[in-house]
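Consider the two complexes below, in which chain A is the common component and chain B and chain C are the respective partners.
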Partner chain A sequence: MKGKRLLVLLTLLLAGSALGGCGFKDIDKRFFVVAMSVDPSGKEDKKYLVTVKLAIPSPSEKFGSNQYTLVSEDTDSIAQAVRIIKSKVDKELDLGHLKAIVIGRELVEKGNMDEVMDWFVRRRDIQNIAWVAAGVPDGRSILDLRPPTERLPSNMLFMSFGQVGTETAYIVSEYLFDFRRRLRERGLDPILPIVESRGDQQVAINKVALLDKNKMRLVLDPLDTKIFNSFYQGIGKYDIQIRQDQGYFIISADNVKGSFTIENVQGKTVITLKPHIHGIIEEATSPISKTELAKYERQAEQEIKERALQFVKRLQQANIDPIGFGLRYRARHPGNPDHVWKKWVELYPEVEFRVQPHVRLTSTGQLG
Partner chain B sequence: MNRYFVYLVFLNMLVNIVSYVPQILIGSRFQGAIWAILASVPIGMLLIYTCLKSMSRFPRQGLTDILDSILPRWIGRVLLLMSACQFFMAGCISLLSIADTSIRYISPETPLVMGIFMFLIVICMAAVHRTKQVLYLVEIILFIDVPLILFIIVKAFWNRSYDWDAVATVGMSYSALPTWTALSAATYIFSGYSDLVVVHKAFKQTPSPKSVWLFGALGLAILFASFSIPIAFQGADGVSDYIYPWIITADSMRVELGIVERVLPLFLLLYSGISLGSIIVRWHIASDLLKDCLPSSWSRKKPLTSWIFFAFFASVSLVLAFFFNENNILAVGRVWLNFRLPSEVLIVALILIAARRRRTS
Partner chain C sequence: MAESSDFVIRQLDHHDTTVHLFYLKSICDDLKIQRDLVLPLYQADRAESYENYVRSLINQKTSSSPGQLLERVIKGEAIVCIEDTFIANVPMKKPLNSSPGPAEVEVSVVGPKHAFSEELDTNMNVIRSRYTESSLTVERANLESHPKTEIAIFYDRELVDPEVLEGIKKDLKRISDHIVIQAAGQLQRKMSPARRTLFPTVMITERPDRVVLNLSQGKVAILVQGTPFGIVAPAVFYDFMTAMDDVYSHYWTSRFLLVLRYIGLFFNLTMASFYVGLTSYNPEFLRVQLALSIAGSRAPVPYPSFIEVLFMLLMMELLTEASIRLPRTIGSTATTVGGLILGTAATQAGLVSNIMIIIVACVAISNFVLPINEMMFSMRVMKYVFLGITTIFGIMGLVIAFIGLIVHLTRKQNYGRAYLRFFAENGKVVPRKEAG
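Now for the complex of A and B:
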């Protein structure tokens, strides 16, 4: 009886194998694409310059073993470009390890991001947790960096965005799926961190580009990026400079979490921002007294209030909403989503902002 | 309380993700999905309660015996056939769905028919066993898969990308009345109890109807998770762009310190297991119901009978796989879900009538 069953199983398996061959390719017949960039094409009749970064495996993983090769192609569509690139290399392209998508700044300024991102989202083999960024001066030159401190090609970008290595509030990281969500969501606008090549094979990531649903509208400088990040990621390792008399002191915060509420006060829509900051004093130009921490807290609150107000007013003037005020409004007002949204579009330019910061200092560091 | 009954209901709750329930609910998220979800809980609880309460009057009997006690034999056979079709289609749709997704994301070069064939081998060889053995199998599958699925769900709620505002935005369209399809999709969560039509024969004791509260709470939680997690990750407006919102969402989670950074392979593996378990149970029940429809001269015990049925099931699935693509399968799933709710209500009503008649007589 048992033997019979086994026989049946074997026959079925044999029959199964007759159904079709498989398209499996060995690892030595594949090129792994680790990063990709899209720039506007230099040629007049073409739209994009698509570049793929192909990792060259090295026998041992050590510093400087980040060998790669770049292949570029000018075309009108990304899919086409990748097909043509395939004809330029000898191995099959494997996009399963694509972890960074760099879009040239010029293209972000030109707009039509929905069209650019379509291919990346539609492909089944591209990770949704790939990082998207804007490249300055352009995407290709960001890919073409060979920092001697890397163990794997493009690992510098992965470490920075993943906040695995360096942890800083200046780096905003954006996943592919989140970028796509923001492109589609009414009331939450897309953002792109800006990766700047700063010579000597290194990069700086401390600015962020704010987009409307189509193209770049605003670039935040590092200080504003930090404020934005407190609402976006609520990240730790935060520093805040507070002016005091002629000098300043610096708060090092372990965690800054920005929250906000939308209320209707006497017929006016009021958004109240409530950043919560817990930290210690890390640097001061004039002597700091341990007994007067409360005074410093008030000073800090005053300054944060001014800066945050300035920041959100800039957003309001540009009519963009990367923090998601509109989405919060939609989340609090029942009814037909289209009507609610229309009402918010009318409301947003006239919204009043208030800031209620809450600062708590626990220590003055090692100096009392 | 009978733990195998809990497993069956729970298995059915988990498998909703591959049976197009999230897709349908998300499709009507601004047109009554909220009400459908809220209404499905009392409806589901009522059906479970009625079924358990009535079934307890027929210890160790299946649907066939119950129907025979109130209806002429041939009407009973027609109903059994209909019920068997429902169970077969339930399994078949899950099969097409999981085969389509696993081929698309694991091995895109394999033809769909080939993938389904591989699944079929496992399913048929497991489903041909006795009811008790199938139940043991379900227990093992759940023990392996559920902790990891819970891990993924908990991880999703803790994720920074889980946007409560998007979920609340969808919640704000609560005033819209549900469509029939949305309601059918939402009540599907609770339909695991209907496995009792056959499995009841293997139970020494009917599960106590008191456990219905547990199912209500559990069902609501799972329904909320399976509806809200894709919305929270992909946005209230953008989520409907995706054919498989849950797969995309699983791919949107990152486990920095896991063996593999991506959650997608783990998710596919777990859900292959869950859906295999569910398909095995469904087809086992379908074949058992069909056996009851055979003329009494045919011996139930013949092992060949089951194999003939499974060969039939398998060939129908392969034919369906051959003719349908992902969009058609979704449409088939929708139609099937629409029919499922009324036929389930009909069966439960018949069981209730039979129970009442038995009490009076």
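Now for the complex of A and C:
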């Protein structure tokens, strides 16, 4: 009886070991793909140039120990490219740590993003929390950066997008799952932060590419990026420059949160943007008085109103909707979804925008 | 019996009375015999008055059959024969190791400092003086071993669950062995209905305060002659996680220490398995920084991760075993040589990775956090089961092994008590420790 039980157990164990899902592969026999880029291929008959950035682990991590190799392949499909790349390296590719996907600007302009992203979303071992960005001048050159301040390859991108290291309102981070959602969702358009190589192994991330469902339509400059970000992430450490007489003063906001409402006012659809800003004055060209904080608040509100209006009008003209007005409209209007959507598409170019900013300054930034 | 050189037959003549004394010189107190048995004879004026005197001696029991007398002699009693008509046996045993030593295995910071002694009578004294209730009952019995071992069963008549008591007595009666039983651990093994269980169902303790606390909770304690350790039954999983200091210190500190022990238990069981599972199956579980640093430190290691882990764990076990058996003066040298030098050298030689050393140290240290020895040993073995399953099935295997362990523990019965239960216990269950 006892022997039989042991035998059953042994058989189960043996059978189970054959099932072992992802298989035993030691960590030093794996190549971690930390970043990946897709560019249009230079060859006539191929569609993409796929590049993977493989981290070379170093036993002692220190600044500048960001060793990596880049492997590229021209193919028609990304899956195929990765298979061929596997044959070019000596270790198993591990996509579990792929955290940055850089798409070359040219490809973003060319369009067909849905097809490009399909492999990334479908592939089971790529985490959906990978960051997506557009690379300028192209994806591969963004991958091929070796900043001396990095401890790991591509860590600079992770730190910037994850807001683990630098915290700034100029960086918009876009997750893979969100990008995919925006590609599919009616009434919410995709965005891609632009990573620019600026020489000396450094990058600048302060612009955003706005896409329709297919390709790039608009690039926001840093100031507009900041405004957009307040509706997107609601990030702190925000600076706003306000013109005042001949000079200016700058508000450093701890918290900026934008919200909006869609209303029907006398037969017209009106979208009211309501940015809430709490902060202190950080820099000023002329003397600032504590008793006149209310006055500065009004000035700031006036200025913000103008800028925000300008910003949304640009979106309206380009007929893109990264903030999600359409989605809100769809959510609040019952009926056949297709009809509602059709109605919104007709409405959007005619929508009237209003801005009601609320600024609260708590201090002049000075003692006394 | 007469063949033994320590067997003494003394003949005493006074007036016209002849008295014979039989005893074993080796275990009897000569001075006491002289004082209590010999001197009174010469002071007595008649044979009857001496006979009456002997009768008055405490603990005196009159037995008649030769077999019983022989047993008495072996137990350290002197037989007094007056004129072949009156026979009495008087306890004259010279006690050995009767003073309780300091507690060494279960050290308490602020609790009582002394452990049990190796003498059953002294231990009974210790318990009686700590547990001053008339309901405390002591039953002395002999185990059916060869030679017979004397034990004492303690319980509080009013608190004990009769079913549990009955079960324990039945288990004790069941024991029949050709080998002598000399330690509480041995008795526990013989008592346990499941011969090959990994988890202890009774608790072995050297602390009188723990025994008394458990008695007051309605448990049964068994003390064995010749060992300073007692058995407390029935014990459930939680009992093995408590130290006596939990009762003695502040509420929040004791809670903190309790949580710490569970964390230690978890680390001890799973750290090695996590290493194998994470480095060989699911590195995406780690942060990329750590993944790369492990990969980097594993680069010179030629063997798969589980061999690396097994090698290092084996080293650690050897070290632990060696330092237990070695005399204290050499012990510290062994740990230094083993722990520090071997660890560093193994990494430099490229046999194990740096991270591995940290993990092994963590496993080794977290094991010692568990306050009761038996549970410590069980968990030491258990982690290899976890490691084996993880090596084959990865992190999923580890999760399933953990669930399996909990299922096994909850299913386990101990004198009608569930070994591990997560929520409030019902009224029939022996009340658990109330801290504070």
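For the reader, a short list of remarks on this structure follows.
By our rule, the second predicted complex is superposed on the first by the 344 of 368 C-alpha atoms of A that agree within 3 Å, B and C clash if a C-alpha of one lies under 4 Å from a C-alpha of the other, contacts with A are read in each partner's own complex, and residues count from 1 in each chain.
We take it that contacts are C-beta pairs under 8 Å (C-beta built on N, C-alpha and C of every residue); 3 or more make two chains touch, one makes a residue touch a chain.
This structure is a prediction, so every number in the text was calculated from the model and none was measured.
Overlaying the two complexes via chain A leaves chain B and chain C side by side, clear of any clash. With both structures placed on the common chain, the touch criterion links A:175 to chain B but leaves chain C unconnected.
In the superposed pair of complexes, A:340 makes contact with chain B only, with no contact to chain C.
In the superposed pair of complexes, A:183 makes contact with chain B only, with no contact to chain C.
Touch criterion not met for A:290: it reaches neither chain B nor chain C.
Rounded in steps of 10, the angle chain B-chain A-chain C defined by Cα centres in the superposition reads 50°.
By the touch criterion stated above, A:162 is placed in contact with chain B alone, chain C being left untouched.
Once chain A of one complex is fitted onto chain A of the other, the partner contacts of A:324 are limited to chain B, with no touch recorded for chain C.
In the superposed pair of complexes, A:127 makes contact with chain B and with chain C alike. Among chain B and chain C, the chain that touches a larger number of residues in chain A is B.
In the superposition on chain A, A:298 makes contact with neither chain B nor chain C.
Once you line the two complexes up on chain A, you'll see the smallest CA to CA distance from chain B to chain C is 5 Å.
Residue overlap on chain A between its contacts with chain B in one complex and with chain C in the other: 13, 16, 20, 22-24, 125, 127.
Across the complex, chain A meets chain B through its residues 9, 12-13, 15-16, 19-20, 22-24, 124-125, 127-129, 162, 164, 175, 177-178, 180-188, 233-234, 324, 327-328, 330-337, 340. Chain C meets chain A in the complex at residues 278-284, 288-289, 291-299, 301, 304-305, 354, 391-394, 396.
Listing the residues of chain A that touch chain C in their complex gives 13, 16-17, 20-28, 30, 32, 34, 55, 57-61, 94, 96-97, 99, 125, 127, 151-152, 155, 158. Contact residues on chain B toward chain A in their complex (touch as defined above): 30, 104-105, 107-111, 113-114, 117-118, 121, 125, 160-161, 163-169, 171-175, 233-238, 241, 248, 251-254, 256, 261-262.
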